[in-house]
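Please find the structures below.
Look at the two complexes coming up: subunit A is in both, with subunit B in one and subunit C in the other.
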Partner chain A sequence: MSGPDEGLIASVERSLTKLVDFVRFVGLALRVQFTRVPPRDVFITQFVDAGWGSLALLTMLTAFAGLNLSVQSYASFERFGGQDLLGMFAGVGGVRELYPVMAAVVCGARIGANLAASLANMRISEQIEALEVMAVDPLDYLISPRLWAVTLALPLLCGYADVVGIAASYAGAVYQLDLDAGSFMTQIQEQVGLVDIGAGMLKGLIMGWLVAVIACFHGYSVSKRDGADGVGISTNLAIVHGAVTCIVVNLFLSWLIYG
Partner chain B sequence: MLQTIGGLVVFMAQVARATFSRPFYLRQTLDIMAILVQRCIVPVGLAVAPVGAVISLQGIAVFKLFGAERMLSAFLGTAIIREYSPALASVMVAAQAGSSIAARIGTMKVRGQIDALAVMSVDPVRYVVVPGVLACVLVTPLLSVVTNLLGILSGWIFAVPLGGVDHGAFMDNLTAQITPMDLWVGLGKCAVFGLGVGMIAGYLGLNVGRGAADVGKAANDTVVSTIVLILFTDYVVSMALLGAGL
Partner chain C sequence: MSAPKQRDDTPAVVLENVSKSFGSHTVLDGVNLTIPRGTICVMLGPSGTGKSVLLRCLVGLLRPDTGRVLVFGENVAELDEKRARDRDRLFAVRRRFGMLFQDGALFDDMSVFDNVAFPMRLHTKMREDEIREKVRDRLARVGVAHAEDKFPSELSGGMRKRVAFARAIAIDPDIVLCDEPSSGLDPVMSATLDELILELHRTLGMTFIIISHDTAEARMVAQYIGMLANGKLVTFGPADQVFAENHPALEQFFTRQTVGPIKVV
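And then the complex of A and B:
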């Protein structure tokens, strides 16, 4: 993070260099991701860690988000007497937007922070250089399996979040707000199809890759002289940049898909 | 688990006592506030602005089914001001500020600076934690004012020029449906969430383990546990407000 005393021009220049580095890193990552098969054991470890490891957190968060969606939309709709349409809104708003984005932002924060911290740690303890010395390409061995793992895990998490979220918003609407269960379900069935869930998972795929590549970039590009502080900074940057990217990219994806 | 809860309660009592008794470290608080505003305003703005656009984008389709596009702005306004702007602004404050506050306090603890303060008979909670907590409580609502405007502006862009809703109808419904109460609810939520961010960051920072890796873990845990706390509190508050009819 830039200090408060730094001049504007210097900080713009620094951000631009960083951006160029990032684009270059994306190029390398894409090449290594699609030209060679990633080492299987690393991939599996990372996949389990990203997917299974996020499950408890995601379940808890989507449950609350689903309940929230029902309660809050109820409060807004009540003003113009539209509370009977809650199912439709909870379905559309939740499945198309809220649950996929939340899965990406929250799991992205957790996964991205782990990725960045572990890669940065390897960098400052010279493990990455050690790989190079042993003629193992670190991009191939470290980055590619991580990218694949997160890219493939996040869509599954998004699909799972949809299920938990709908169940929670149903529970909120029917048991807490005393809405009619049948009409709630009918509205969801009418409005939400497999296409929407598929679209959510597609969003998950794209956002998952972005989260992973951003986190890997921040972790991998730590320099040794930053030391332990560098680990903290890169973790923080991975979380913040990942979350902002997910939210912004989601808008453009929704625009493309539904606009 | 019980130990953590007990520790947290004791910690909260310490912070409360230190906040409302002399000496106050006003200078530290203002410094941290300035840094927080500087660092958070861009990520927070970037996170909330697209949400308004998405609400308009999806809302228009739903409202069109009933020919009620003009009501969109009422829904957009309340959703942004009451719900999304506070929740998202606080999540981003947690990600950006909470983690760095936790990391800063954790680093001080690891380096023994916290103990050094205690030796100099400066209460570390008073000197290090309270300014951070106060800064979070004050800065989050400030940021949310900006994000309210940004969210509604981006919602307007997707509703009026791109979605074909009449500008007059949009503005009329916006001003007619949003009450001062909505604004207060939104700002109040922000302050509560900001308090949560500051408290958790302070607690996890002070109770950090031994090494640099533990500092990273404390920063990380701050983000994740604050997000959980924010969503949970949000739900409880929404239920309470719905029950109270506000």
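And then the complex of A and C:
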């Protein structure tokens, strides 16, 4: 019986060690992010990749999600004659919750996978070591610009997702469900304030940083002997941990903001 | 073309009683050696005997458990990268090195030109036109001038090594470290790289420390030879002297014998 117990203990020990490593990494990441200026070229490249590179995916997803929000809510509200509330539901539900989470989870998965895979690949091909030998701190050169890029790109993506999602909900409500355009827009204007949009973007800011730091940790902590497997595993972990963290953190942020 | 560096008596590298273990496995066991400036030193030894660990100790990527690692008099072994004060000193030492990694370690997202220009942009105040001129000089020296716009993924193994070489010598480092420069290359390409090392040593006067298990390479380029086996430096000195002594481990290595002081693990 000692075998499985030992296996369990070893597994817990590994997890705890990883957690301690992550906390240390977060400390280092915060220090380099806020005490040193990131290299401009790397920041711009990463920002464009995170932001511009996610637009097509985000447009498609939020457009369909916005349409679906209209269709689903119409089916529910119709039962008690509350179709006019569709604008409010699509606006509030989308801007406060759905679009920020979608942007963070979906774009976060895409961006996080890119970050983790590229850093892990740099690690196993000794590119990070090459930087160190050239007297370049990899945390300054690689991690700091990536953290800034994703942290700043994700709130913008959240704002963009709001616009696309509401436009899609409007299109669904007005052109497919024959609801009154004026009523839909009035509901949106009355119920969705700048505070809601700002809160969604704040969520994007926080979740963007979390997605980035988780992905950077998984990619950066791969060792050369992990090889190609290490790249795959770190990418996988970056996506899974990033998505789960976003969902959980979103709940706490909603409690804090609206609770 | 840069003038050869002025020679003086300060050794480029001195290792004093350097030991390094990973867990219970001792990789370096009391290594002592002195590598004079402006020489080509080849460290031989079977795989897994700590040759690469030795290189990493020189640039402070690894800290030995005991002993001193003096690079131009600075004890790298006592510098802790996590301490800001030590970090600046360590980085100052590292700027005196160029390193050719076993697989090149070229930056995938940069062109050949940008790879070679990278240390210049980072550590010098050169203008872009000066950088362009120097990068082209370095690429021409290693025979890949035609590939400056290509990306590492478009290059053959030999070309990647040569570009990595150009990057290693980009800012005229005092010491060039080469980790298995001939591994994965055909004999002709290996010989070409060795000639390149000799040519660069002749014209730029740099100190070369080459980690290798290629005996032909050692015979061709070495002025100093060291042999690591089972974690110990079994022989070290001027190449002529070491070859004349013909230490049993060196003989076993050069004659490809399976029986001898080098234990096959």
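One rule holds for everything that comes next: the second predicted complex is superposed on the first by the 250 of 259 C-alpha atoms of A that agree within 3 Å, B and C clash if a C-alpha of one lies under 4 Å from a C-alpha of the other, contacts with A are read in each partner's own complex, and residues count from 1 in each chain.
The criterion applied here is as follows: a contact is a pair of C-beta atoms (placed from the backbone, for glycine too) under 8 Å apart; a residue touches a chain by one contact, two chains touch by 3 or more.
Since this is a predicted model, take the numbers as computed values, not measurements.
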item	value
Partner chain(s) touched by A:W255 [first = subunit B, second = subunit C, both, neither]	first
First (subunit B), second (subunit C), both or neither touched by A:F22	neither
When both partners are placed on the shared chain, which of subunit B and subunit C touches more of subunit A	B
Touching partner for A:S125 - first (subunit B), second (subunit C), both, neither	second
Which of subunit B and subunit C A:L57 touches, first, second, both or neither	first
Partner chain(s) touched by A:A65 [first = subunit B, second = subunit C, both, neither]	first
Subunit C-contacting residues of subunit A that also contact subunit B	121
Subunit A contact footprint on subunit C (complex, rising order)	59, 61, 87, 90-92, 94-95, 97, 99, 101-103, 105-109, 118-119, 122-123, 177
Sites on subunit A touched by subunit C in the complex	45, 118, 121-122, 125-127, 129-130, 132-137
Residues of subunit B defined as touching subunit A within the complex	34-35, 38-39, 43, 46-47, 50-51, 53-55, 57-58, 61-62, 71, 74-75, 78-79, 82-83, 88, 91-92, 95-96, 99-100, 103, 107, 162, 177, 212-213, 215-216, 219-220, 223-224, 227-228, 231-232, 234-235, 238-239, 241-242
Subunit A to subunit B touching residues, read off their complex	1, 4, 57, 60-61, 64-65, 67-68, 71-77, 79-80, 85, 88-89, 92-93, 96-97, 105-106, 109-110, 113-114, 117, 121, 176, 227-229, 231-232, 235-236, 239-240, 243-244, 247-248, 250-251, 254-255, 258-259
